[in-house]
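For reference, the structure is listed below as structure tokens.
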Amino acid sequence: MFLFNAWYIVAEPDEVAGGGIVARTLLGRRVAVYRGASGVLVGLDDFCPHRLAPLSLGTVVGDGIRCAYHGAEFGADGICVRVPGQKAVPPRARVRTYPVVERHGYIWIWMGDPAGAADESSIPEGFWVSGDPAWIGGYGHIESIRSDYRLINDNLFDITHAEFVHPESFGGVEVQYYRNARPGAQFVDQGMTFEIGDRSIRFRTHAARLGLEGGPLWRSMVAQSRGVAEWNEPVDFRMEVIWWAPIYTSFHISVRPADEPDAAPVEIYNLHAAVPESETSSHYFYRSIRNYGDPSMDAMFIDAANFVFHQDKPILEGQQAVLGTRDLLDTDPISFAGDRLQLEGRRILGRLLAAEQEA
Amino acid sequence: MFLFNAWYIVAEPDEVAGGGIVARTLLGRRVAVYRGASGVLVGLDDFCPHRLAPLSLGTVVGDGIRCAYHGAEFGADGICVRVPGQKAVPPRARVRTYPVVERHGYIWIWMGDPAGAADESSIPEGFWVSGDPAWIGGYGHIESIRSDYRLINDNLFDITHAEFVHPESFGGVEVQYYRNARPGAQFVDQGMTFEIGDRSIRFRTHAARLGLEGGPLWRSMVAQSRGVAEWNEPVDFRMEVIWWAPIYTSFHISVRPADEPDAAPVEIYNLHAAVPESETSSHYFYRSIRNYGDPSMDAMFIDAANFVFHQDKPILEGQQAVLGTRDLLDTDPISFAGDRLQLEGRRILGRLLAAEQEA
Amino acid sequence: MFLFNAWYIVAEPDEVAGGGIVARTLLGRRVAVYRGASGVLVGLDDFCPHRLAPLSLGTVVGDGIRCAYHGAEFGADGICVRVPGQKAVPPRARVRTYPVVERHGYIWIWMGDPAGAADESSIPEGFWVSGDPAWIGGYGHIESIRSDYRLINDNLFDITHAEFVHPESFGGVEVQYYRNARPGAQFVDQGMTFEIGDRSIRFRTHAARLGLEGGPLWRSMVAQSRGVAEWNEPVDFRMEVIWWAPIYTSFHISVRPADEPDAAPVEIYNLHAAVPESETSSHYFYRSIRNYGDPSMDAMFIDAANFVFHQDKPILEGQQAVLGTRDLLDTDPISFAGDRLQLEGRRILGRLLAAEQEA
């Protein structure tokens, strides 16, 4: 079941550069997205109303698109403006368009009731590229993971699985605070607080003088930022995680050598989106942005994120294979104490889905 | 929806040479086709009535076929003539056969009401191999394109798409005459005439002194026939296209240097068949025959035809992916002026299908 | 249709050595099988009751298994014994287990009514590894053949197909005795006797002074056992074949040079199991055990068995492709005299299936 009235990441900016037309299935519909000559972003059903050829096989012409098959041209509004060899354009010749915007370094599409598109509150603020050149990073995505977006959601903001699935990166003791999270907005040392909003869940943790019992990744960040091979001294660690319905999760991590209280913190944002493709598959978009190093390190960070996600992938696809077309919650699964926030997220999603179905 | 009462190309002659047994699915049925020792052509359901092993895995024995599994032998009439190790043959042991003939350089099968097979009018005359050694050429086919045969039909005799899909071969100005075709049987300069028959559509065009605005392929033909690298002088061009229901299209092209009115024309026949495999897939057979050059050039022509069809393939398969299991016309598509003949073809096909359903 | 109340081969011992966890679908269910630290064998549904991740992605811990995703641990009885980070274990947290035993060199699972598992009569005695080091051999299996287990059964103990499918190995005149088998328990020269039991069929044959008209494999056995390139003298041949419902077939072959009545016979056991995976696919397990040569020859024997089965595979998968989801007997096939024992096997299977459905 999909939430239609929300903004979804549909492409990375590079994918629509140079006349590129992105073909992607979202929420079960094939859409094409491109950037017109004037810079306008256009999203439309990926088929020509003439003979149903995919428009994504075509060519961007000005702000419009020309079908690869018979050359029919459509404006950015989806209305056919030219049929080669005839003067009149059939009045019904138009293709459905979708609102598309560029925000925070991504291309977003609205596939629900067009009236709702003006409300951009479902585009999470956390998904930005700072104008500040001190913040750098890269993009990555994986097409068509055979896993429902909700299973990927669950995975992303349930950090306790890191202990078992990602021990060599961020599976240290600090992820275990998640299980005993309590309401609040402060950074509590050796603990975790959470806030549940209408469409989001936030949680924060802090660990002073975190040593080798912490996730190896945090010490690597210090080492990378200083150009040294490793860093084994204690660090002060803080992490803020935000999940926004329906599919966005951001990790903000800040690390500082514990013995250098005046040092600038080494920071990273990891941004994730589990974009629904079909009822049983998803696209996975991710970014890794940091306040240190230089762009030559971007590829390493994207590779690392890709590596971590490929540790999750067999689990996510295995879950879906077991589920078939059922939703997890319809199987009456056992839940653990550590699932509390995950279930809150499912609850928020369920409420939004129910409200949309009703309307 | 398939038209059963028609002759379909099922194989190239080489495929049944030397005891070869062709296994192919046509109109949703698996058939096996072979040539017996006496030269007789045999087509039958591709399964043994004993344990349902594919007969195409077996061996041609005389005019019959022996099952690979237990050695049962069937005559050219499908009747079992031998069961190894037993004297009596079970009376029910027979396999359904289909009329098969060789005509015009292809092997054809009739899968409809056997009573109708005697009528070979659905084997188009245009699909020939001349006995005249001056006409040479080769064969090619592509198995199982994920596209309904009607979409391929539409593609084949709607030449206007060449302007957009095949500009570097035959997408010159002359294909645009198609859009303004008018009834008639003459070759009209800079125009096109068409004739609509009960089961066929023919159209013809002529272009005197066609220069660089014409399809590059026509000038290549002259260059090839004279063994020169290129030909950039104007040519007199004529083309006759015939579509025969349900699936055959022939292009006859004749080119002559415009300044050499007495030169022998350089001619080519391109023959295409969109053979239905399933409701959403087809086999594509094609030939390219010409009156110039030598057999060493055959492979080049087949490669060129293959290249052109692979330009169409993503469009055809894209259309089918959009359609799913629907027929194009059930989606209420927009039609253009240039679709007139294509729609006439669909109309002919629809009438034949309706008549067959009724009977 | 599956017979649930029977023991099925689920794995080779090597697959569960060193903490290996086997993931395999049997009778349409995904199961995981492993050996615990104490040596106990465990079989369970291949999903964690928490979030449905495949347990086969996890780790063996003592006699239990730890889920790869969130670290929940389950004992050999399937009861959850530990949830990381919380003291209490949810009472419902358990996974269904299946009886698993090791017998005769294989790991077997019981997926039916647990009450019936104590009865091991469906584990055929013939599937053994002798403690006698004189008997040596190897293992092989092919995952997921797209063929129903009953088609593979039919194939395995219908030896007449060897004449056509395996002429270069065991397709000699002696397989033809099968067609004229008559009741009895003796080894009859140039003939075959059979016994039909409640859940098994046995048949035996003998051929004195079998020469070049016999299967080439028998003479190869003598050559191999004596380390010579070939053996072309007559041999005394005997073969006993046993099929046990639902899926096991054993071939016991004994060969001796006809002119050396006091020589020790050269013997081989070929063991086959057609383990149901889904309604249209199977796993195929096989062994080849012999009383001659040394272990360095094992790979050759397994390769040979694999070669022979790959001669059958296109036929078996071809039959299934023709059948779709139908059972062979529902298609009203023609049967030959040589199908008598095969049909008796189908009858036994049908009776067992009906009895199980009724209960």
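The first chain written gets the first letter, and so on, giving A, B and C; residue counts start at 1 in each chain.
Just so we're on the same page, contacts are C-beta pairs under 8 Å (C-beta built on N, C-alpha and C of every residue); 3 or more make two chains touch, one makes a residue touch a chain.
A quick map from chain label to UniProt name: A, B, C = Vanillate monooxygenase.
Owing to the predicted nature of the structure, the values given are computational and were not obtained by experimental measurement.
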Superposition rotation for subunit A (Vanillate monooxygenase) onto subunit B (Vanillate monooxygenase), Cα-based, multiple of 5°: 120
Same or different contact residues where subunit C (Vanillate monooxygenase) meets its copy subunit B (Vanillate monooxygenase), judged by the half mark: different
Distance between the centres, which are taken as Cα means, of subunit C (Vanillate monooxygenase) and subunit B (Vanillate monooxygenase), whole angstrom: 48
Touching two or more other chains - residue numbers and ranges from subunit A (Vanillate monooxygenase): none
In the complex, subunit B (Vanillate monooxygenase) residues that touch subunit A (Vanillate monooxygenase): 154, 158, 160-161, 163-165, 176, 179-180, 314-315, 318-319, 321-323, 328, 331, 333-338
Residue ranges of subunit B (Vanillate monooxygenase) touching subunit C (Vanillate monooxygenase) (in the complex, touch as defined): 30, 46-47, 49-54, 57, 66-72, 80, 83-86, 90, 92-93
